[in-house]
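Scrolling down, you'll hit the structures one after another.
One chain, subunit A, links the two complexes that follow: it is found with subunit B in the first and with subunit C in the second.
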Partner chain A sequence: MDKRQVEENIFKFLMGVSTSIVLGSLLLIVLTILAKGLPSLSLNMLIQTPQGGYYAGKEGGILNAIIGSLVLGIGGTFLAALIGIPVALYLNLYLPKGSKWATAVRFSFDVLWGIPSIVYGAFGFTLMIILGLRASLLAGMITIALLIIPIIARTMDEALKMIPAELKETSYALGATKFETALKVILRQAAPGILTALLLGFGRGVGDAASVLFTAGFTDNLPTSLFKPVATLPLAIFFQLGTPFPEVQQRGYASAFVLTVLLLLVSLVSRRLSKKYTKHIVR
Partner chain B sequence: MKTHIEIENLNVYYGEEQVLNNISIDIPDKKITAIIGPSGCGKTTLLKSINRLIDEVDGVKVSGKVLVDGEDIYDPKAEVTQIRKKMGLLSQKPYPLPMSIYDNVAYGPRIHGQKDKKKLDALVEHYLRESSLWDEVKDKLHSSAARLSVGQQQRLCLARGLAVEPEAILGDEPTSSLDPVSAERIERKLLELKGKYTIIIVTHSLRQAKRLADYVLFLYLGNLIEHGPAEEFFKNPKHVKTHAYINGRFIDEHKIDKELNLKGTECPANFVKTKIALEGMEIGQVLKVIVDDKTAVSEVPKAVEYDGHKVLSVNPLNNTDWEIICQKEL
Partner chain C sequence: MMSRKIKDILAEKTMFLLSSFVISLLFLMALGLFLRARPILLVKPLTEILFSPLWHPTTGHFGLAAFINGTLWVTLIAIIIAVPLSLLTAIYLSEYAHKRVRDFAKPLIDLLAGISPVIYGVWGVIAIVPLVRGIHEFFPFGSDNYTGFSALTAGIVLAVMVFPITISVIDEVLRTVSREMREASLALGATRWQTIKYAVLRKAVPGIIAAIILGLSRAFGETMAVLMVAGCSLQSFTRSIFDTAYPLPALIANTYGEMMSIPLYDGAVLLAALILLVLTAGFNMIGWGILLRIEGGEN
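== the complex of A and B ==
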């Protein structure tokens, strides 16, 4: 074998190893959750709220956290989209390509993306005090929104960058304003990218424990008001794994399994929904 | 010939670079005008200046006037959406909007306020017929425009452009991405439409310009070199660069250091004068001599080469005049 062939083979081997590490860890995580959680997963766990003594191994379930996480995640993503979508459109449609302002905005988002979620938690907590809010669903939603705005705005920004300039020109040439073009053409053309952005944000928001620790609080009840505390799955997992009782710890793993399946389901459903909108996309 | 669009002293800069240099031209009403010229000469820029799509280019500066129906579209008070509504655009590659065939055609009318479902239906059918697409799509109006073939997409883009009831159609090499059959259909369509609309097309293809155009503009490096009625233009180009371009020759660019007009002189006076002029120049400098004597066209270059100088090119300028470009070597 000549030298270049050897090089080629070594490189292929290294790529194979890296890929297996990634796939392997994913598989290991899923297997761990399944093996430890599945035995204690029951229908009751999914449809009941914690009864007295649930964390000591008595009856009950995590419905409060499932519903809480969904409401919080959807609300936070909605708030973040309200801010993220206009920002991404502004960066791509209204600002000139080499704009220094756009570069500065993108850079800030990249920095914000990297900030640990506990910092957002602390910031949200400060904001809460200023606004006179208590640990509540609303405060949680706002904090989650802050946490995922950079993710949503930047991912959408990248999706909008891919839209051919000619498509915009086509719409302008018909006498459309930038706003009409954004609303009727750009958002449709970028629909898959926007959906991906929202999903990424939602996943991060639903899965994050640190940012909601102070801001959303925790409760054994179902969420009924924006101004009352709300339970979340990551915190439910944290509390269950933190007990000294093995059977409750097992329920913690089962809860982790529920969270994983939840994210998978949301992803599948939205992809199915997006097919309806993406059939018109011009490639 | 009635004028539809008047361009007066139009200059366009992209940043520091000037891409259109003082263009003035009257574009005739309800005729096909072809803009020809080599790549990068500013053809598309000129086209986009007419519907102000040029505004979308970053760092663009425009001076001069473009009068459509006597109104300057660069007047700060002019409303850009209304200007663009007057011009249907056909781009190089068709870009259907990400929606159904029906919605593509209805997009323009809807934006401009047409909400009546029945009227929209009628408009969509009318303009799809106008662009000869109706029979192929009438059963699938609500399926995606993206699924049509490229040729059908281009006709859809035509229908979409016509549906806003423009006065002019601007085509930026509208057939360059199409197969020959689809391209021919578009060309035929444009010929049919020229009685109703002023059509301006940018084209790379001289043959296409010959087939379609009533009037031709030749642009070279941002300058309007020559323009005129098509027949005249192709049969009898007045400018040396036009002549070279339509005969498929390269246009040589020489920096001319000195010019000598020897019209009306005969041999040997003209080559003697040329030699004397070269004597007084420095090595490497370029001299342009214009002659109108037939024998001079062969005798002057011979004499120049005999003296050890270089003849760079000999080109006809028009029926009688020739230019001889030579470089001092010794």
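== the complex of A and C ==
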């Protein structure tokens, strides 16, 4: 065997090892969380809010955090969609191909996507002071929305780019304005892409803790008002793991299991939906 | 008839305004943080804040050097681990792997990107902390009560968190290298690896650098996972991979409860956030700028 072949084989081997490590780490994370979390999970944890002394090992559950995360995630995604969807439509329908403004907007989204969530949290905090808000569901929703606008808009933008130009032109030829085309043709055609984008943003919003640490606060109660603090799953996990009591830490693992399953479900559903809906699309 | 036209124009104007908001958001964020950080900048020179290792808010000392040092340690460790693994994985997926393997692996890597940072932290506590403790015990200098919470632990967890972005960007970049180039090299009798080494990678260098910069920025700003596994002790100034580290983002996250009660404290913390914003925005602009030029060069 010549030297070149040896080198080829060495690198092939290294690539195999690397790919296994990368994919293996995902498997390892999921398995670790499953193995540690599932045994400590009980029905009570899912249907009760923390009772007095919960963080010292007394009775209760994390329903406050589960409901809180869902409400916060849905609210934040809704706010982000209000900005993200119109901008993505604007980029693809109103601006000509190769427009400088479109390039600048896309570039801004890419950069914003890379800004750490703790910075969004800190900015949300300054915004709160300016608006005179306290740590609350509303402040958390606004911060989450800012965090996921780039994700929703950019993912949707990629989906809209795939829409054939003929479709738009047909709609214009029938006398529709751009706005009508956007609402009645493009949004329908891009429905799977939009759904995927929304779910991706929702997943990121639900999973993030650093941005809501300052802004959403934490509470043992279920969310009842936009102006009161709200509990979130990632923070519940963080706090439970931070206690010195092994039985509470166990519940932290169980909570981590709940969050992981939730996020994996969101991811699977978005994949499923986008496959299902692509059937009804004009190609 | 008129009302339809008016609606269309109104929609366009609204969308334009929204897109202006997106472009200005970065500046708004920087401005907002700057305004809150100003009180401390007025009484203390920036150089003192950046280079003094003394952090003692109750006595009015706000030196960030220990935290900046901690950030550099964990980021560097993460990048040293993540870059070779990402590069080899991306090369394998784009150049060698069967389409079926690729279709199986890509969604899994996307899934890795969707896992919550706190989950990474929990995994770090359960799996990586004992691993690092084991590695440490292997060395003769190991002390008995070593906890395993360290810069290395944070670096390993961060490396896994960086994989999705670096792998997907490198993979994209490799795919933009033209087929003709590969075929020409193979036709000259080069092996596949030689083709990759001499033709493909050389062409892809800028894109790979962009991927590394984007990964670096990701590791730089990651907060919760690091907070959970790095040890984050105020006593230490990280000098080795086995020392605890207390990176900037973790500092910001850890002070949320107390920072409003001490004068200038909130200014110092929000200044730390501003520093993070400026650096990560800079990294991302360079990274995406390079990728934009590659894309532009293609058309």
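The rule is short, and it goes like this: the second predicted complex is superposed on the first by the 247 of 283 C-alpha atoms of A that agree within 3 Å, B and C clash if a C-alpha of one lies under 4 Å from a C-alpha of the other, contacts with A are read in each partner's own complex, and residues count from 1 in each chain.
By definition in this document, a contact is a pair of C-beta atoms (placed from the backbone, for glycine too) under 8 Å apart; a residue touches a chain by one contact, two chains touch by 3 or more.
Owing to the predicted nature of the structure, the values given are computational and were not obtained by experimental measurement.
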item: Three-chain arrangement built on subunit A, subunit B and subunit C clash or fit; value: fit
item: Which of subunit B and subunit C A:Glu8 touches, first, second, both or neither; value: second
item: Which superposed partner A:Ser108 touches (first subunit B, second subunit C, both, neither); value: second
item: Partner chain in contact with A:Ile33 - subunit B first, subunit C second, else both or neither; value: second
item: Contacts of A:Ser25 with subunit B and subunit C, given as first, second, both or neither; value: second
item: Subunit B versus subunit C as contact partner of A:Glu180, first or second or both or neither; value: both
item: Partner chain(s) touched by A:Tyr94 [first = subunit B, second = subunit C, both, neither]; value: second
item: Contacts of A:Leu146 with subunit B and subunit C, given as first, second, both or neither; value: second
item: First, second, both or neither for A:Pro164, with subunit B first and subunit C second; value: first
item: Of subunit B and subunit C, the chain that contacts the larger number of subunit A residues; value: C
item: Which superposed partner A:Arg188 touches (first subunit B, second subunit C, both, neither); value: first
item: Angle, in degrees and to the nearest 10, that opens at subunit A between the C-alpha centres of subunit B and subunit C; value: 100
item: Overlay on shared chain A, then closest C-alpha pair between subunit B and subunit C (Å); value: 9
item: Doubly contacted subunit A residues - partners subunit C and subunit B; value: 177, 180
item: Footprint of subunit A on subunit B - complex, ascending; value: 51, 53, 56, 58-59, 81-82, 84-85, 87-89, 91, 93, 95-100, 107-108, 111-112, 144-146, 157, 160-161, 164
item: Residues of subunit A that touch subunit B when the two form their complex; value: 96-98, 164-177, 180, 184-185, 188-189, 191, 279-283
item: Contacting residues of subunit C [partner subunit A, same complex]; value: 4-5, 7-8, 11-12, 14-16, 18-19, 21-23, 25-26, 29, 32-33, 35-36, 84-89, 91-93, 96-97, 105, 107-112, 114-123, 125-127, 160, 163, 167, 191-194, 214, 217-218, 220-224, 228, 249, 252-253, 256, 269-270, 273, 276-277, 280-281, 283-285, 287-289, 292
item: Partner subunit C, residues of subunit A touching it in the complex; value: 4-5, 7-8, 11-12, 14-19, 21-23, 25-26, 28-29, 32-33, 36, 83, 86-87, 89-91, 94, 101, 103-105, 107-123, 125-127, 129-130, 146, 149, 153, 177-180, 182, 200, 203-204, 206-210, 213-214, 234-235, 237-238, 241, 252-253, 256, 259-260, 263-264, 266-267, 271
